[in-house]
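Below is one structure; the comments refer to it alone.
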Amino acid sequence: MSKKFGLFGGLLGLLAFAPLVFEDYGLGLMIGIVSYAILAQAWSLFSGPTRYISLATVAFYGVGAYVVAVLNEDLAYPLILLIAVGTGLVMSLAVGIATLRLAGVYFVIFSFGLAELVRQLITWYEVNVSGTLGRYIFLPFEARHIYWMLLVLAGVTFAIAWWIRNSRTGMALRVIGEDEDVASHVGINITRTKLLLFAISASLMTLVGAIQAPRWVYIEPSIVFNPTVSFLTVIMALLGGPHRLLGPICGVIPLFLLFEWLSANFPNHYSILLGGVFILIVFLLPKGVLEFVDRFRLGGAAK
Amino acid sequence: MLSLSDLSLSYGKHLALDKVSFQLAEGETVVILGANGAGKSSLLKALAGLERYSDAARITFVGDDIAKMPAHKRVDLGLSLVPEGRGLFPALSVEDNLLLGANTRNGRPREKENRDYVLDLFPKLRVRARQLVGTMSGGEQQMVAIARALMSAPKLLMLDEPSLGLAPIVVGELFETLKSIRASGVSMLIVEQNVQASLGIADRGYIMETGRIIGEGRAEDLLSDPNLQEAYLGTSA
Amino acid sequence: MTDRRRVLRTTAFAVAALTAATSLFTGQSIASADTVRIGYAVSKTGPNSAGTGITTIPNYVLWVKDVNEAGGLKLPDGSRRMIEVIEYDDRSSSEEAVRAVERLAVQDKVDFILPPWGTGFNLAIAPLMDKFGYPQLAVTAVTDMAPKFVQRWKKSFWFLGGGSDYSKALAEILGSAHKSGQINNKVAVVSVADGFGIDLIKSARPAFKEAGLELVFDKTYPLGTKDFNSLLTEAKTSGADTFVAFSYPPGTFGMAKQSKVLGFNPKVMYLGVGVGFPVFTKIMGPDVAGVMSLGGVDPNSQDFKDYAARHTAATTNSPDFWASSVTYASLQTLQQAIERVGLDRDAVAKEISTGEFDTILGKIKLEDNQLRKLWWTGQWQDGSFAAVSPNSRDGASSVVIPKPEWSQ
Amino acid sequence: MLTTSLVIGLVLGGTYALAALGLTMQYGVSRIMNLAYGEFVIVAAFATFVLVSTLGLDPLLSLLLVGPAAFVISYAVYSVLMAPLVKRSRKGGNLEIDSILVTFGLLFLIQGILLVIFGADFQSYSYLNVAVDLFGVTIAANQVLAFGLATVLGIGLFLLIRFTRWGLILRAVAHRPDNAPLVAINVDRVAQLAFAFGGMLAAQAGVVISMFQTFTATAGVVFTMKALIVVIMGGVGNFLGALIAGLILGLVEAFVSAYLDPGLTLASTYLIFLVLLLWRPQGLFGKSVS
Amino acid sequence: MTVLLQTEDLTKRFGGLTAVRGVSFTLSFGEVVGLLGPNGSGKTTLLNMISGAHRATSGQINFEGHPIQNLRPDQISKQGIARTFQLVKVLPTMTVLENTICGLAFGSSRMWGAEAEGKAMEKLHQVGLADKAKQPAATLTYIDSKRLELARALAADPHLLLLDEWLSGLTPEELQEGIKLIKSIRDAGASILIVEHIMSAIRELCPRCIVMNAGEKIADGLTGDVLQQQDVIEAYLGAPHHA
């Protein structure tokens, strides 16, 4: 157990040196990977065991970024982050109470609609109340600062994921995912458990948006509520396998790099290749990368 | 008309049918008896093609090998099932359910006459033709289910627990109807817990226990078979 | 036990993937000494791709073609070097745009980076361009904060003015038209709810008021709105002689078409981005006549005519009448700066900031890193989108109010 | 004012309904959550654009060409992409997730191809862009035509579904796919035909929409989203429901725009949708599972 | 004998169908009662109302003197009622031990960590699954899955155990083992309500039984007597039908 912790801590420590090794572009890649790793991990926290496909990721992510955009000139940065988490938490609780009884595709569409609704409401508010659209963030952060903050958040996220897997709540969630009837009959309050996890997951997503925001300098709703973020998160988590602790990251790394490679080398055919890769993944790796690696290994062992 | 051999079926680790074999001749009405969980429903579903079963199974129906045939084609051949839970379309009307029943090779050309026939058989359905099936009582739904199966002009009608959940008086009517269907020449394979009533209309019967056929005989003989009492009440009372 | 092994294995997998990846992405391409490497990351896909595809990319393509066909970029010593282009797709995502610029600067070590399309994206990459020391010739960015940005990022150049420039110019035109009795003082305005629309309407409100105009209808609609029947019907019944829409292309087209159908024929019709696009004339036919918008060109300028012809030949599309020629001019500015001072980026930036350049827009000189010699308002007249403001400038046409009736 | 909003809303809603009919078929009957649905609409719009601008064909005539072509293409798409997934789902796969992922890939694929062929430009042509007076409200003839086509198609579909054997079979599969084999229905085949038919409807919508809207290669997602909302509001697999839900959506937008704030039209669309989903998860006209 | 469970005039309707109609009965502390009836007679519905899976349309359920008819299943579980399911419900990807821990982590006992593991192992010993504790539950045979479900239900030391056709689907040999297992639990003093079809098992396990038909209680008494009653036999075998 402690060995695993040591390994985990060591890896994080090692990664913290990345800014000294990589130049800006490499660091930019690392930022992208780490932020998607957090998003995919946070997504899997809730959606892995419960099998709810949520497309609301960018709703929380965008709200996080917006909180920073609104407050960056008035408050101390740590306080802003705290407010961002709080906002994500309150929003997720409100949404969760209303929606967690929707099942299957209804939840999928609802969560997508939610992101759009939040975007529209913020736009309306900015236009009619605050009278600005598009806000500037001038915080004295460079890429490496953002990277380090994200790395800490990634550590926290993985620790939470690990802890939840090994905690009573985590077991409760797994039981809910496997069989809600059994869950309620062994004494699990299904609604409360789901809500708790949804809120934790959403708060983490909010933080990713809040930490990344200073990198863009200029923010408007169409920029931070880009639905692609939600979709990529889902795809990456599903590819890696949302049921495993390290599943999401195993989806994030190859996919993120693949997308990067495709867009760098085939800028004019990026969409076509991306679509093709997507379809291939579904056909070739229906259960995710880790499952595939496992099967491959087992197959090898059997020989 | 129908013969099967070596039909095995399992749900995960649980072996629900263990090498079941039997025959049914044209015009015959056969009843399958046995306690809950003996595998009777699984047998009917397997015959209808709704469950995956062992590759070794052989099923022939009116001369065709149907063991690998998908469910919808079996219905087309004249093998109709009224499943447990009735398998109706609750959001559709009685009329629509009946029309769907006639969606077979033999059923389509005889849609009109079959419709008259089943509405005579269940006069109640005539007045309820526009009603949504989901809003009807259990007994009425059972009528629709049987009527729908008859609309396909079946050669063999399989019924899974037709009296389940029905009031005793309705059960009486139901068996009267089954008797007249039998008289019309349709073969029937019935799974039923109402031993008395079902044996009353059957030619032969099989007794099942834990996925195996443990006894068979003529209907009159089975009623007094100690195996039967044992299977249901756990003792020869 | 197996659990631990799995964790170890997956960790190993992750690390291996990371290592492989970094080696894959740090493989530097070798810059050949006899070319000038110019990179850009623009939105080839996603919501911004339409605007990028009309205004930005064709001009980059055309300019590179023009330069290379002429034998390459000229350097101070008289030698010529061909341009080698490295292009990326930012997928209409800010984060991608930022990373692509990092890649261009660090990995590809390009000599110059051309800007993306859109205000937000230009701002997003500005700190990086500044950090890496690349001059940024921001064209498709309309912002009143440009003077502030110039303070912050010394090598940033802003070529398209700010929202208030355009709205003030419009207010001036409308104000004098009102005074001369051509229109009443009522104005109906709609604006798209994004940075562009809001910037313009915010500065338009006080400017209109100052010009003695009254905003009788002032509504904002969300980006992505497809149907304008309600808005136009209300504007029509508001009694205003002037209809102004600070809109984006799909909205511009939708409103133009629907106004025709509704028989909504205000004396002044001013629409936003898109009026200068080639497709607008296709949509409107002869009814483009009199429609006003941002930008404009001098219809008698031979430079522009030549440019338009080259543009059409190279990209099968004629240029848009607002930002296209400015984009091309910004590239000429860069070209001439390089010709004068070489490939040193600091020197080039300084030259752009202080020098005078001969472009298809005529001679231009930046003021405080901003191009101010722009056409603020244009109007479709005799088949071209003629500049009408500032009317004191050479080449300005006089505005036609009221505009002709719809033909049908 | 009231009639204006009413007419504008209904005409707008007609377009939404038209765009949603095909998806209702694909999702309701075939159980394929087709995220590339809007791309089918856009491809048809481009096809019409090409037919109109190069061959000088009448857009209405191209309806007859593009529709059947879309049927064939959708049929093929189902065979290649969907059928294996449907087969897999029987062995414990998850059709819903798989179809979302695959069609998401398809979305990019189609978009990419369109971008390569047509570029990112706005495309438009003019057709029937003349005023028509409808109850004292002036409106474009092409929009009225769209509304008319939506109504005709919607009602035609409703009649087809309600009064023909094929329609009955579709309803049966949409409603209780598990029970369909009991009445000799080949569910796989019906699903494939329904998907192809849905593709055809999407194409019809695309042709009609191209008559009055400017479109780009990347505009499909908007149609997918609107169609999804309409389908779910109307009750999955319910054609009349989709028609009515589309109209409601149009009316809401028109009235919010006229009486509240045009800035809130899209927000109100989503809000209505969300509230409805919470109030009646099975949709306005969906049958609750008994 | 103190009353543990008491239902009063319990009724459940599903749409138009009345699945359970006005059923009243009591179960005393330490008692083992069989609940019989043909398919569809409402036994499982009755059980589901007691465990909270269905909410009663009308009527009352008192457990240890408190009304529980309006509680959710998780709340009822915390009151000390545990159940098994007609169709075995183990959690397939979780290990046998984890499945058992589920039974005591959330309900009335709320144990966790080493303590929970110890207790769970104890229960696995009791049902004879201790050597399979680390296996995923999906790998278990049918009877072992049933055992596991029982271990999970027992884990919380419930005051009342509800068994829903726990013995059905077993082979004759397994059936004997199963009966022995439940006997051992009964002999340890548990209160159990058993829904069962297998009469031989009922005769062996339950001194008293309740018989339902068409949603109504038709008999309640000593098992031997009840199974002699003519209406009970008719409920099972059907009335002799004379055409």
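In this document, chain identifiers A, B, C, D and E correspond to the written order of the chains, with residue numbering beginning at 1 in each.
Definition applied: a contact is a pair of C-beta atoms (placed from the backbone, for glycine too) under 8 Å apart; a residue touches a chain by one contact, two chains touch by 3 or more.
Computed from a predicted model, the values in this text were never measured in an experiment.
Shared contact partners of chain B and chain C, listed by label, are D.
Of all chains, the one whose CA centroid is most distant from that of chain B is C.
Centre-to-centre, using mean CA coordinates, chain B is 31 Å away from chain E. Spacing of chain D relative to chain E, judged by their CA centroids, is 50 angstrom.
With centres set at the average Cα position, the gap from chain C to chain D is 35 Å.
Counting partners per residue, chain B has 134 as the residues that reach two or more other chains. The set of chain A residues touching two or more other chains comprises 120, 123-124, 127-128, 268, 270-271. In chain C, the residues that touch at least two other chains are 44-47, 193, 220, 222.
If you check each pair of chains against the touch rule, the ones that pass are A-C, A-D, A-E, B-D, B-E, C-D. The part of chain A that touches chain D in the complex is made up of residues 53, 98-99, 101-106, 108-110, 112-114, 116-117, 120-121, 123-124, 127-128, 227, 231, 235, 238, 268-279, 281-283, 286.
Interface residues of chain D, counted against chain B in their complex, comprise 165, 168-169, 171-172, 175-176, 178-187, 287, 290. Looking at the complex, you find that chain E touches chain B at residues 15-17, 38-40, 138, 140-142, 145, 165, 168-172, 197-203, 214, 227-228, 233, 236-241, 243.
The part of chain D that touches chain A in the complex is made up of residues 27, 33, 81, 84-85, 88, 93, 96-98, 100-102, 104-113, 115-116, 221, 225, 228-229, 232, 261, 263-264, 266-267, 270-271, 273-274, 277-278, 281.
On the side of chain E, the complex with chain A involves touching residues 51-53, 72-74, 77-78, 82-83, 85, 89, 91-94, 98, 101-103, 105-108, 112, 152, 156.
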